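To keep things simple, chains are lettered A, B and C as they appear, and every chain counts its residues starting from 1.
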Amino acid sequence: MNITDRRRILGPSNAKPLVFERLESSEQAAQPPQEKNNENESMYIKNGLVSNANGSSYLELKRGESSEQCTILLSSVYGPRPSRGAFSSKASLSVQFKEVTIEKIPSGELKEICNFLSNIFSAVINLERYPKSGIDIFLSLIKNPITSDEANLEPIIAACVNGITLALADAGIEIFDTVSAGTYKRNVVAFSKNGTEVVGLWKDKEDDTANDILSVIENCRGNYLQNRKGIIEYLIRSKNADI
Amino acid sequence: MSRLEIYSPEGLRVDGRRWNELRRLECSINTHANASDGSSYLEQGNNKVITLVTGPQEPKLRSQMNVTKATISVALNITRFSKIERSKSSHKNERRVLEMQTALVRTFEKNVMLHLYPRTQIEIQIHVLQQDGGLMSSLINGITLALIDAGIAMYDYISGVSIGLYDTTPLLDLNSVEENAMSSVTLGVVGKSEKLSLLLVEDKIPLDRMESVLAIGIAGSHRIRELMDKELRKHGERRLANMST
Amino acid sequence: MVLSVTEKSYLHESLASVPPARPDGRKADQFRPIEVFTDFLPASNGSSKVVASDGTECLVSVKCKVVDHAVEEDLVVVDVDIAGHRDDSGFVQGIASTLSKVLSTQLDRSCLRLTKKYSFKLYIDVLVLSSFSHPLTLISFAVYSALNSTQLPKLISSDDDLDVAELPTFHDYDFVKLNVSVPLLFTLAICGKNVLVDPASNESDVANNGILVTWNNGKATAPIRTLGLNEDYVSGVSPQSLQDSIKMIEQVAPEVLQALGGI
């Protein structure tokens, strides 16, 4: 960033950023990424694959052993980049699907998912930190688990939430918490604050859990904690590998 | 099915009117007081039109601003369900609709005192809930009423009507069956005068018949103006009574 | 109306206080008054207009067509047009998609069945003339009253036409009322620990989150999901609030249905 900002008083030109010593204790966190959980689900993460994006994440979710039941999602974050037009005191956020390989999903439903995701991340990103700017998130669904009847949206939504969090972390955009989603039957719940707060709830299909939303949330929380653990472990490991 | 008799030898049309009779016209203004600055609801036969006027207000885009006078914009929304058969397209950005919008803007540009509202925009939104021939004339009447409700200065009423020519007989205020069967003209008449602010001829009309067509059209428009004026005055009295109590 | 930062903060505090102080003096579970008109479009099979007290207005037309149900998969088509929003905007498409999914999955197809071969296909067109708050609740009320006022042509030919190749014929003027249970969609706002039903535009601007709850056949059903009402105040909510909102809908929905049914 070598652009002079004439509206603000900047520090001296020879200023150096603060560098802290690495904490010794974080080294022990290295663990195999493909940890199995109770639903026999495994997650493979790789950040920073898209070189021209500010941050990106590649997420592979496997359910069971077969490669058929696999969700692959690439999320990339562009921004914060300056937005034109009227002044805004906070960043504007947009979430879009760039490519959907499986055309089975109608565009209206994709729009619904985008609205849902941008609502979640409006709550989580510190948008006040980036005035006059825009943050654009693009999602590419590379592989969708093949189901016989109709597109099963729930695992896709959960993958999107986890993928965007990783990409935001990779882009270095301030977030209040590592938000992550957990699924249970046909429900998706995105949590923050260690599972005490719900930032997003998606329940589209009727199942036997209709009247007891609290138990649904409780069941999703277990899955959430596991997903979040995977995300944080990956982030710490890649951080350690960098230094 | 036998062919419909558009105009019987006894001088009756398909819906039982005579050649110089208008359809039922009912209108009311200030129907959407919370949603707009001026609004009207007009029923002309089976045409049902809602018109909303917002403004004069600051233009949304700088490019729409004129330093000497107000700009008028018309957005015409013909709903999919407006005809008996539901239409597949939403009619937006359709050539015919865009042409109608421009024609309406041109009709009213000369009649509204635009110089009184420099640097502003007057937005007219029209929703056609149902149409049955002579749509353009209903739109004109609806806009006139809504502009009056919005309190925007105008020189006079503009009242519209469509006239068809069946063989040699001019027929006033066509419905859709008649409109499809003959060539027609739409007029926009300024107030009680014989001035036209719109003359829309979309197909062939013999020139020597034009005079009789225009004559009945102007007479019909004057009648429509009277009907609208009566309703407006009634509305005004009602409002005054409400205010004083 | 655009509120200043201070006004918003004041409003948020009052809505989050216990009990909530709503700017229009409503209780947490109280709706705004609405006016409903039905059956005013003779060219449609059913129509309704719902006007809320803030000027939000929604028109719905229901038209029908006879189709071969072996060929046509979708018997319910929903089209949403919101004045002031582009048709391809996320807002309009999201609402249209939610509505059409709810209506096409939850309306009973057997009610549309005409003969063994043919069914009615319903075209539900929604036109929102002006919207100040999230229009989904109002749209759903309008769809409900439109479908309940829908009259379908009366069949006079035999309903067993699998072997005979004949098109269904209808009575010249008699109609049959469409009898179908229609789901209702409610939007609620969550402010602090409070759950507010039917949020007005200024309340939506300061809500921590919105939630959509569907009500059909006497119980809250899917879709239930969080819904963005604004961008400034959106934050996480406690699981308890989500349960509270569903409980609130369980309380008010029967009364709403009764009120709408009386029209």
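Please note the rule applied: a residue touches a chain if its C-beta (ideal position, glycine included) is under 8 Å from a C-beta of that chain, and two chains touch if they have at least 3 such contacts.
Here the structure is a predicted model, which is why all the values come from computation and not from measurement.
Asks: Please identify each chain that touches chain A as well as chain C.
Replies: Output, common partners of chain A and chain C: nil, no chain qualifies.
Asks: From chain B, which chain is the farthest off, judged by mean CA positions?
Replies: A
Asks: Counting C-beta pairs in contact, pick out the pair of chains that comes out on top.
Replies: Maximum number of inter-chain contact pairs occurs for A-C.
Asks: Taking the mean of the C-alpha atoms as each chain's centre, how many Å separate chain B from chain C?
Replies: Taking the average C-alpha coordinate of chain B and of chain C, the gap between them is 33 Å.
Asks: Between chain A and chain B, what distance separates the C-alpha centroids? Give it in angstrom.
Replies: Comparing mean C-alpha positions, chain B is 54 Å from chain A.
Asks: Enumerate the residues of chain C that touch no fewer than two other chains.
Replies: Within chain C, no residue touches at least two other chains.
Asks: Which of the residues in chain B end up touching chain C in this complex?
Replies: Answer in residue numbers: 32-36, 46, 48, 50, 52, 77, 79-84, 86, 90, 92, 125, 127, 129-130.
Asks: Within their complex, state which residues of chain A touch chain C.
Replies: Counting only chain A, the residues touching chain C are 90, 92-93, 106-109, 111-112, 114-116, 118-120, 122-123, 127, 186, 191-193, 196-207, 210-211, 213-214, 217.
Asks: For a test of understanding, state which residues of chain C touch chain B in their complex under the given definition.
Replies: Residues 40-44, 54-57, 59, 61, 63, 65, 79, 81, 83, 87, 123, 125, 127, 129-130 of chain C touch chain B in their complex.
Asks: Once bound in the complex, which stretches of chain C touch chain A?
Replies: Residue positions touching the partner: 90-91, 93-94, 96-98, 100-101, 209, 211, 219-228, 231-232, 234-240, 242-243, 246.
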